[in-house]
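Next, two complexes with subunit A in common: one pairs it with subunit B, the other with subunit C.
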Partner chain A sequence: MSTTASGVEAAAKPEAPAGLARRIWHNYVLRRVLRSLFVIWVVTTAMFFMLRLLPGNPVDTFIAQQIRGGSTYESAAATAANLFTFDPETPLIQQYFDYLWALLHGDLGNSLDPGTTVMEQIAASLPWTIFSVGYALLIAIGLGLLLGLVMAYRRGGFLDHSISMVGSTLHAIPNYLFAIIVVVFGGVQLGLFNVSETRGTHTAGVEPGFNFTFIADAFYHASIPVTVYVLTTFGTWALVMKASTITTLEEDYVTVARARGLSGRRIGTQYVGRNAVLPMVAQIATQGGFVFGSAIFVELILKYDGVSAELYAAVNDRDYATVQGILLIMTIVIVFANLLAEIVNSMLDPRIRESESGAVG
Partner chain B sequence: MPVLSVRDLRIGYRSGGRLVEAVRGVDFDLYPNEALALVGESGSGKSTLGLGLLRLLPRTGQITGGEVRYRAPGGDQVEATDYDVLSLEGTRLRRFRWSEAAMVFQGAMNAFNPVLRIGEQFADTMRAHAPEGRLGREDIRERAGDCLRSVRLEPGQVLGSYPHELSGGMRQRALIALAMVLEPRVLILDEPTTALDLLTQRAIVDMLQELRAERGFAMIFISHDLALASELADRVATMYAGRIIESGTADDLFREPRHPYTAGLIGAVPTVHGGALEPVSIPGAPPDLARLPAGCSFASRCSYAVDECRTTDPGLLMVTDRPAGETSHEAACLRWEAVRMPAMALQDEEAGK
Partner chain C sequence: MTAVVSPTVAEPALAQSTGGRADGVLRLLVRSKSGLAGLIVVVLIIGMTIFAPLFVDEHNPVHADNRWAGPSGDHWLGTDHAGKDVLKQVVLGGRTILYVGFFAAFITLAIAVVFGSLAAYYRGKLDSALLQLTDVVMTVPAVVLLAVVGAFFGLTSPTMLALLLGVITWPVLMRSIRAQVLSLKEREFVEAARLQDLGSMRIIFVEIVPNMAGYILINFIIAVTNAMYALVGLYVLGLAPLAGANWGIMIHQAWTYGAIYLPEGRAFILAPVCAIALFQLGLVMLTRALEETFNPRLSRG
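And now, the complex of A and B:
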């Protein structure tokens, strides 16, 4: 590739920035973090330019609306600038950097609601969605993995058949539809739970804080959406885990582990379970992101005031800054969920860490 | 007294609602410190037999009959043991495995759990067999290190490694070391060197010889390489279509095979011919186990076969004057007296011309 002379020259130089950059590149976790940040940057940039440049973009539409409503272009543009936190006079590229700079400071602009920032609105609503979806995913995945493992061990048995049937039926129903079914049949017709009582994220009078009453109340209110998420997803986890476990059970090292006289529990967890989960981690991340995205409909139907209520209101009010902010934050949450999955994967599987760090030697 | 006595062992695989026997009534005795080689073509049931001895058959496999008697003499502290492995269940079976009889698997490049360090896999094996599961870290390191050194591996390096960080040969050595860590009295090796290059193969075979001399365990060495087997083993048993059709000392079998199949296998050992390796193979293919012919199952491929062979299955016949036991020689062939090595047969032919 390079001539001997330059090669010697390069080697003679101390291992300055290039060496450090290479080390970072070869660190599995750092590399993933950098990639995630890159994805977020791309999404941010795309959203920014879509909002300003595309024909029929919200800014132009807003100004046109205002003009139709009787205001002059100048005043309409001024309102728009205020709303979208940008000045039409400054060059686009400058606006872009201003936007990024503000973003880095957690400033997503102002909401249409007078006196509130987008960030405040998101901070009030998003944690509820993350709480309910995250809690549901934990239960669904835990339950699914465990059931899948048992189904694989006792395949052809009663448990295997019944969970396969129930799981695939529930999986076929979209979760918002299932939410309607739960409310109409479970809540209203059968009276299994009190529809009006569980509305919202917590009871009005209860003071948010780290105390038992509030936490118990929060779990109580989240129980219906959580049930919906769990019931619509655990079957899929179980079926995928079952398939993965069956493959793992055929592996030589499982037979050898049995030959070694290890206890069934040790083999089930460290030999079968752990290896069976590996190919599923990436899937868990994408499916988890999907549940998070589709939570919007479920929350609306169940009147759970998570980020979806906020998003829904913002779309209705054409509160673009808020819509943009929420989409951006949701993207970030999903990207970080994926990042987390990859890190977990590398912790579970030593081969992943090495294959990347040792690839170029 | 044999450490392992196998009597009329039968093992079948379920397929399409039928049970096809892959091991059809095997008898043999394995004496302490003895090396027994099991040889035979692919599909003759060697691995099935090995797995059956440890009760490790896959889900479709099933032991349908027989007895596997395991005996260990008592000492000052321990009682003498004498039980049928096929009757063991639960914890007793779990403890029999590896601490009494360990096995190195065929093509087991994948024998170690990829997500655990080698050291952890030594530790969990030893803990699984320690009374009440308790064993000090130092104890584990010391005993594991001891075994690794005896297969010429560096414990400091290997114990902290993940399986994929070791070469195939190193992994196989590590597995052999792991097999010895509980000092089993029986070690089953199912083609332990097939996946390795010739040099590594040789090194491992030499090492096995040394280990056996040093540690004194009985060994069942499964191979389709008769030359390798006769070099390593005291006794050799030839398997064909799920049965042992000849057994005797390595010398007897290699010099004076009394079953045409064994003679054919010796002929099939690659010989240097015109600079190239050229195996002289046995014509025909092994019979379908689901549709075995009456009489001798080798008859259709046998040049010695007479009409009687196609109707009578002779069973193992004593072909030597020596008494039954470690030095007996048996062959399941009606025409054993006529059997000649291929090379000898050729000479006879030429002499007759």
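And now, the complex of A and C:
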């Protein structure tokens, strides 16, 4: 019964032959996946050649440094080759294919830290960034959805104005400056939390594992960065949600639902909420990517040892293999986040799929 | 002859989309309290940055015996880790940041407008190629790429930093400009210009682009805030060259010298933080008010 009334549900079950719709759907996903892989390949290639070919590139700089340090060109080139994992005797194009081949096997080269591979370093740090950023996004989006919905319903009210004010003020302050303010006032001045205790991703000595002590400790250490991410982003979500809710409230099917005498709660969740969320899903990927990328600032200020902090250390140590590997992994994470958002979006709104199916991918 | 005709063709569309002339915009802006406050803050900080060097002696001597002094009559905001006056540093410290912020925003905007309108006007292969390019550039997180490139290739000049920032950050804006042009090019005045055989370049950049003036202005301000965000972040982390003194470098030094734990050092860290936060806040309030002015449907909400 309710399927005929709700716009989303009715549209999600098209009347066309199921087989055809399925094929188009699969094509859409396939096209997106191929495109994502293409983007990753382009970025990989660009990074590879940037590191080798541009004037002042790290390889030449490194060799020049070694020669200045007293070694011969041959030994300097050999050290560089070892460091950047390439064979200087082979032509560049062969090196490129070797690099891609190693990459396909998950081999990102060796770190300057003796005995560790780049992959190991990433595996140790990336989960923390994904955990803290993902956790923060979840809270910020949930909070934004709720506040945006309330703001749209109580337009012009006290709550609407105050959330708009607070949200846009916090959004205007760069998140790393906000992190500094939180540490200076919340931590040092007011003593709301222990600055040195919350540093790092988990307390030394606590064994990572699936037990309460470790999980509680991880949440405790993530609380400050997560607070910073949430407070600086929830306002944007609330404003996006408010705007799309206002548009949805004016739709005919909402008026019809009201006329049918459905309860306010039912209209709010089933009719307004579901449709108003659509524009937000598209934003999650770009916003999520931005928070993920800008985590480098927050992680360093708050000494949270995620992948960005690892990258910063690698940049300072001129550990090129690690830098290249982390950049690549970050790109892949963002590309797949985008892909996921696009697929979820097309599931929520079949119009996107249908409008694309005619065009060339 | 065409020169006489074209402005009158574009006129109604201009009035429609921007809601009147510049003085009308200003009047509407003044009506919005937060917009006016934002404008005043922005103008004051820009004015301070431009005119302070005329009144303030740039010589800021190191006093090893007067480190971390609290606020006093001689030093209103105290001194830093080297005994240098903090107030002087704050007043003079905006130049590089504002310069890079505005210059980078200008480059972002220029690339976005040219690519966006060409892609939307010509469609076809050019369009899909440019869209594919935005896909790739958008993927790499801008601040991270900037940090790596900045550190590896040793960016020493602010102009190079601004150029790089502009080259990395154009895709988002390019897509929205493209969407705008896609709808604008269906309007009658474009049809009229085509019938007059004005030439594609002229139609795009003389007829269509000026119609987005309000939209472009808003996005320029947003681009300034984004560029400043990335730039100050680089300085705070110490990834950009730490020569001279600006707000970002001040925060970096305050952070590395442990000013947060010293009550006397608090002014040294909070003064530049406040300067940047205030300027960003002013810009955001200004864009909000401008958005309401150009798009009256928003202010209703």
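Operating definition for what follows: the second predicted complex is superposed on the first by the 330 of 361 C-alpha atoms of A that agree within 3 Å, B and C clash if a C-alpha of one lies under 4 Å from a C-alpha of the other, contacts with A are read in each partner's own complex, and residues count from 1 in each chain.
Operating definition for what follows: a contact is a pair of C-beta atoms (placed from the backbone, for glycine too) under 8 Å apart; a residue touches a chain by one contact, two chains touch by 3 or more.
It should be emphasised that the depicted structure is a prediction, and the values quoted were computed from it without experimental measurement.
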| item | value |
| --- | --- |
| Partner chain in contact with A:Asn275 - subunit B first, subunit C second, else both or neither | first |
| First, second, both or neither for A:Leu348, with subunit B first and subunit C second | first |
| If touched residues of subunit A are counted for subunit B and for subunit C, the larger one | C |
| Which of subunit B and subunit C A:Arg258 touches, first, second, both or neither | first |
| Touched partner set for A:Val39, first subunit B, second subunit C, both or neither | second |
| Subunit B and subunit C footprints on subunit A, overlapping residues | none |
| Residue ranges of subunit A touching subunit C (in the complex, touch as defined) | 35, 39-40, 42-43, 46, 54, 56-58, 61, 152, 155, 168-169, 171-174, 176-177, 180-181, 183-184, 188, 242-243, 246, 286, 289-290, 292-294, 296-297, 300-301, 308, 311-312, 315-316, 318, 320, 323, 327, 330-331, 334-335, 338, 360 |
| Parts of subunit A lying in touch with subunit B, wherever the complex brings them together | 251-253, 255-263, 266, 270-271, 274-275, 278, 348-351, 354 |
| Subunit C to subunit A touching residues, read off their complex | 128, 135-136, 138-145, 147-148, 151-154, 172, 225, 228-229, 232-233, 236-237, 239, 251, 255, 260-261, 266, 269-270, 273, 276-277, 280-281, 283-285, 288, 298, 301 |
| Residues of subunit B that touch subunit A when the two form their complex | 54, 56, 94-99, 102-103, 105, 107-116, 124-125, 128-129, 162, 164-165, 175, 178 |
